[in-house]
Amino acid sequence: MIKVGIIGATGYAGAELVRILTYHPETEIVHAMSKSYAGQKLTELYPSLCKVRDLVCEDLDTEVLKRDCDVVFTALPHGASAETIASLMESPTLKVIDLSADFRYRDAEIYSQWYGIDHCAKDLLQESVYGLCELYREDIKKARLIGNPGCYTTCSILGAAPLLAKGLIEADSVIIDAKSGVSGAGRKLVIDQHFCECTENTKAYGVAKHRHTSEIEQELSLLAREDVVLSFTPHLIPQKRGILATIYGKLKTPMSTAELLEVYREFYKDEYFIRIYEEGKLPETNHVAGSNFVDMGLVSDPRTGRVIVVSCIDNLFKGAAGQAVQNMNLLFGLPETTALDCPAFYL
Amino acid sequence: MIKVGIIGATGYAGAELVRILTYHPETEIVHAMSKSYAGQKLTELYPSLCKVRDLVCEDLDTEVLKRDCDVVFTALPHGASAETIASLMESPTLKVIDLSADFRYRDAEIYSQWYGIDHCAKDLLQESVYGLCELYREDIKKARLIGNPGCYTTCSILGAAPLLAKGLIEADSVIIDAKSGVSGAGRKLVIDQHFCECTENTKAYGVAKHRHTSEIEQELSLLAREDVVLSFTPHLIPQKRGILATIYGKLKTPMSTAELLEVYREFYKDEYFIRIYEEGKLPETNHVAGSNFVDMGLVSDPRTGRVIVVSCIDNLFKGAAGQAVQNMNLLFGLPETTALDCPAFYL
Amino acid sequence: MIKVGIIGATGYAGAELVRILTYHPETEIVHAMSKSYAGQKLTELYPSLCKVRDLVCEDLDTEVLKRDCDVVFTALPHGASAETIASLMESPTLKVIDLSADFRYRDAEIYSQWYGIDHCAKDLLQESVYGLCELYREDIKKARLIGNPGCYTTCSILGAAPLLAKGLIEADSVIIDAKSGVSGAGRKLVIDQHFCECTENTKAYGVAKHRHTSEIEQELSLLAREDVVLSFTPHLIPQKRGILATIYGKLKTPMSTAELLEVYREFYKDEYFIRIYEEGKLPETNHVAGSNFVDMGLVSDPRTGRVIVVSCIDNLFKGAAGQAVQNMNLLFGLPETTALDCPAFYL
Amino acid sequence: MIKVGIIGATGYAGAELVRILTYHPETEIVHAMSKSYAGQKLTELYPSLCKVRDLVCEDLDTEVLKRDCDVVFTALPHGASAETIASLMESPTLKVIDLSADFRYRDAEIYSQWYGIDHCAKDLLQESVYGLCELYREDIKKARLIGNPGCYTTCSILGAAPLLAKGLIEADSVIIDAKSGVSGAGRKLVIDQHFCECTENTKAYGVAKHRHTSEIEQELSLLAREDVVLSFTPHLIPQKRGILATIYGKLKTPMSTAELLEVYREFYKDEYFIRIYEEGKLPETNHVAGSNFVDMGLVSDPRTGRVIVVSCIDNLFKGAAGQAVQNMNLLFGLPETTALDCPAFYL
C-alpha cells in the first residue's frame, strides 16, 4: 500500500483527489491536512464522502508527512507551495506531486514574470518534471517531484501538440479560446463565484494576461522547437465541471480534416486517455466530466486555411486530481489507468 | 461472469446502468437492446462511454436474451414491459430485473386503477418481488423476477418507513413533498424537458394523482399494518440528478429529534447504503448524486407535533440503475455493494 | 416627482428596486446609499444599469435623506434597520418603506422570540402597517411607515389566505413547503451560495425554526380569527429567482377543486396582481419571474380530504422590491400598477 | 396606433416580441398567427403573459394581415418566410420586418450557397434593407422590407465593425469565437435542447460552416471595402439568454487598448444602445440579458499584435425581437428607443 498524504484536502481539487483515491486499490490516505479546517472531519464539508472515506483534517505538518508518507499531493496556493515542498523534499525518498504552478516552469524567470514573485526553490525547479503524462511519461517515472499541469494548460497543450510537434501550423498563428466551469476557480469566497453572479452568465477574463498562457507557450515552444507566442482567452461558463478549448491555427500547407485527424491518431496512438473523434464529430464537456479522458475533434477550413481543434477535459479530474493520480501511478510503477479508467458521468 | 442483457439501453436509466456496470467485476454485458437505435453504437448517444464500453445496440429479441443471458434488465414503458417479460420468463432460469412499474404491485387491481391499463401478466405479479433491498432483502435473494422500485418511491418509502413501521405517526397524517431533477423524466422529447423551459424554473405536477402515490401507499401500508392514504406532490427542479423528499407526519406522542434519530439509526443499523444524519444536519441532493446512498435527517417540531424527515437519493442511481444492480448482486449472491460503493460526485 | 432615497442600494433587493424604478415615471432617485460601497458607482456592481441609471452610492446619512426625500426605502439587516428608521421617522413627513423584518410584527414579543434581539423602536411598531397590499390596502394608504413583507411570507400568506379567512380548513393542519431561488439569500459571501455548492443541488434549511414562520402565522391567525400554528419548510433550489410554495390544508368539509377555485376567484376578484389558474393548471416560477404577479392554482384531493395550493412569486419582485414600489404607489395615491404592470421574463 | 401583425408568435422570438411590445405605447397587436397553435391562446404556452396580453393565435392568413396591419413581423423558417413575404408585399403600404435569414443578403447566390435553396423572391431582395440599425439607420427609415439580422451576426458585426471600417486589422485575420445561450436554437424539440443534454455542458457546433458566417462576412466586407473571409465558431452554453463573441484580429500597426477604445467610442458616439467599456473592464452576458444593449470591451495584446474584442448581446432581444422593434421604430418615425430603453435583468 502506498501511503498518501494530502495538503489542502478541503479545496475542490483536494476533495476530488480523495474521491478518486476511493477507487484506488493500492493507496491509503494516511494524512489529510488543511490549515483552515484542522480538527474537522472532511465529511463536514463533503458529506458525500461519509462511510466511504471518513478523514479528519490535520494541521499542516511537513515532519509528519516526511515520516509517514510515500507520496504527498500538495494543493496550496503558488508561492506557499514551493516553500512547503522545499521542506518535504528534504526527505530523501518522499515523492511529491504539486498541483500548484510552482514546479511547472523550466525557467524561474518566466515564473517570476507571470506570477509576480520570486521563486523560492529554484534548485528544485531543475529537478522537477512537468507532469503531463502523455508528453513526459518516461521522465515522470524517474522523477521525485512533479509539477502537475493546470486545467487550461492540459486541455490546450494536448489539443495543439500534434500540430506544433509536426510543424503543420504557423507558430505565430495560435489562438486558444477556452471555456471553463466554475469549479476551476476553487472554493474560495468571492462575489464572482456567487451563484447569482455565475448562473445564466458567461464572461471572458484575464484576457491577454492569464498566467496559464506562459505555461502553454513553454510546452508548445518545446514541441515546435521554436518560440510560440499565442493568444489565450479563458472564459467562465455557468457549469460546475469541464473545460472546452477551441484552438485555431493557420496551416502551413492545405490539409484535409481526414489527413489532420490521421496525424492526431498517430501522435496519440498509445494514449489510453486520449480519444480522437472521427470526422464530423466534436467533443462536448459532458463527454468527459467525471473522467480522465481528453477528447479531441477537429475541422480543417479550406476557406480560411485554418484548422480548428476542439479539446475537452474535466478541469478537476484530468485537469487536476486525476492527472495527479496518473502521475502517482507512473511514479510507483503501477498501471497508469489504476483508479482512472471510468467513463464520464454524462448525466 | 454473469451474462447481462439490457433492454432499453439508450434511455437515461439504461445508460446509467451501463455506466455503473463498468465498475462491476463479475458481469459482462452480452446484449444491449433498443428498438429505436438498433444497429447504432451506444457511444453515438453517449460518447462518454467510448473506450470504456463500446456496445452496439441490437433490436429487441427475447429469444436471444433467453439463450445468452443470466439476467436481463428491462427499461421499457409500463405495459410493454410486462409483455416482454412474460416472454423472457418462459426461460426456466433467466432472472429479470424490471425498471418499469409493471411488477411493483401486489394487487393488479391497484395497478389498473392508477395506470389505466389491464395487467397482462397477472400470474407473474404473484411471483415477482418488490426490489427495495433494504426492506425485502431475503425475498429478493430467492426471487427470479424483481420489480425495481421507482425513484420517488425509493426515496419516500425509505424516508418514512421507520415512522410507520414503529407506529410513531398517525397513518392519515403523511404528506410527502418531493423535488426531482429532470433526468427522472427520461430522454424523451417533450417541451417540458426543453432546456429553456426547465432552467430557472420549478413546478409541481401530477398533484394528488401521480402514479407513484399508489406504490408508496402500498409499501407504507404494509409497514404500518394499516391503510396509509397520503398526499404525494412531485416537483420538477432545474437540475439533472437528485430527489429530495420532505416528509411530514403527526407524531402520536411527542418525541424529540434525538429520540427519533435513534429510532432511525436502529431501524437501519445494518444498512450500508443508508446514512442517518446527526441532529442539526440535513442531507442535500449533491451529497448523494452519483451514488447509491440514501441520506436522511429529521427534525421534531414540538410546536406542531410533527416530525419532518428529509430524504435524498440520486434518482438515476439508487432510484433506478444502482438499485437494479443492488438487486442483481442479491440475486446472484454477490456482496451487495459490488460496483456500488462509490461516494457521490458532490461537484 | 416623488423624491426617492434608497438605503442598501447595492444588495440584490436594492438593485432590483433601482431597476424597477427605471420604469416609474413619477419618481426620481435622489440618494442611493450603501455603507460598503460609498463613493462607488452602482454600475460598478451592476453594469446592466449603465446609461439607464447611473448612480453614485453615498454613505448612509439620515439627515440628508430627511432633508431631500419624500420616501425612503430601507434594505438593511434587521435590528440595524429599526435603529436607522427611528431616526428617519423624526421627520414629520417622510415616508419609509422597510424591506427588513423590523416593522412586520404587531407584537414586539414575537419579534424578540424569533429574531433573538429586543426591538429598539417599539412605539413605531404600533404605527407601522404590514405592507401586504392585497390585504391591507386601505391602511397602507394612510400610513407613513410600512413593514414590507418578506418573500416567503408574501407567497405563503396570499396562497393560504382564502382558505383561512373563509374557515375552510382546519387551523392546525397547515403545512407550507416552499422552494426558493438563491437570490433570496442575498449577495453576501457564504459558501452556501457559491455556484458549485448551489448548482445541481437542492436542500431544506431552517426546518421548524425559520423566522418567516412567525410572520406567516401572525397574518394567517388574523385572517382565521384563531391561532394558526403551522409547519413551514424552506428549500433552496438551483435558480436565481422565484419562489414556489406548496400549501397543504385539511378541508373541514369536502369541496371540489372547482368550488375552491371559485372561492379564490371571489376572494381576489379585485386584485390585478393575483392570477388564479383554471382547474387542471398550476403555476410555475417562470410564469412570474420578473413580474409582480402572484400566481395560484389548487387541487382538492378527495382521497385525503386535503386541498393543495401552489403559489408562485418572484422573490425579488413581488417578494421584495416590486411590492415595495406597490406600497409606494399606494402611499402617494398613484395607480397601484405604476411601473409594475409587466409580464414575467418567462425566458 | 400602429397596427401590428405577428407571424410565428409562439416561438421564442415571437413571444419575446409580444413581451417587448407590452412596453410600447404606440402599437396594438391586431393579429398573432401561428400554424401549429391556431385557435389556442398564446397564454397557454406563455402563462407569463396572462392579464398583460391575452392573445388568441390565428392560422396564417396573409390577406387578413394585408387588410388590417401597418406592419408585420415574420418569424418563420427561412424559405417559408420569403414565400409568405412575397404575398404580404403585394400590399402597397404594408411594412414587413423579417426575422428569418431570407432578406439579409445582397446576393441571392451567396444565400443559395449557404442555405442550400434557391431564393424565391429575388426582386424583393433588391428592395429589402439589412436591419442593423446602428449601420443602416437612414436606409431603414425609407424601407418597406427589413431583413432583421440574426443574433450571432448582430453581436459579431457590431463588435468588429470599427476595426474593419477603420482598416485597423488585417482582413484575413478575423476569428470570431461566439458562445450562445440555448434560446437561440428556438423552441423546437430536438435532443440537443433537452435539459439533461444542455445543462452542465458546453459544445462547439457548425464549425467552419455555420450559415451566419456568410452574413457576417457580407457586412464586414462592405465595411472594410475588401473581402473579409473569417473563422466563425458558435458554441452552445448552458444558459437561456445571452451571446458573447470573442473577436480576434491582427493589428496592422501597434495600437494601445486606450487608443482602440477611443476609436470605438468615436465610431459609436451617437449610438444609445452601444456601451463601450472602459479599459480594464469587459462585458458579461448578464449585463445585457433582457435589454437591447450591445456591450463591448477590448484588450490590445502587444505580445501577439492582436486586438481581442468582447461583445455581448441578448440573443432574443437585440439579437431578434428587440432589434425588430428598433427597426419598426425607425420605419414609423418613432423615437428609436421606444419600448427598448430598459436595463438588463442582471438577476
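Observations
Labels A, B, C and D are assigned to the chains in the order they are written; within every chain, residues are numbered from 1.
Here is the rule we use: a residue touches a chain if its C-beta (ideal position, glycine included) is under 8 Å from a C-beta of that chain, and two chains touch if they have at least 3 such contacts.
All values derive from a computational prediction rather than experimental measurement.
Hopping across touching chains, the smallest step count from chain A to chain C is 1.
The chain with its Cα centroid farthest from the Cα centroid of chain A is C. Rounded to whole angstrom, the centroid-to-centroid distance between chain B and chain D, based on C-alpha atoms, equals 46 Å.
Rounded to a whole number, the gap between the C-alpha centres of chain A and chain D is 38 angstrom. The centroid of the Cα atoms in chain A and the matching centroid in chain B are 37 Å apart. In chain C, the residues that touch at least two other chains are 12, 183, 196-197, 199-200, 238-241, 283-284, 286, 347. Taken together, the chain D residues at the contact with chain A in this complex read 172, 175, 177, 179, 181, 196-197, 199-205, 207-208, 229-231, 233, 235, 237-242, 244, 246, 248, 282-286, 289, 299-301, 303-304, 306, 308, 310, 347. Those residues of chain D lying in contact with chain B across their complex are 12, 182-183, 187, 189-191, 193-200, 238-240.
Every residue of chain A that touches chain B in the complex is listed here, in rising order: 12, 15-16, 19, 22-23, 46-53, 183, 199-200, 240-241, 272, 275, 277, 281, 283-284, 286-288, 290-291, 293, 295, 316, 341-347.
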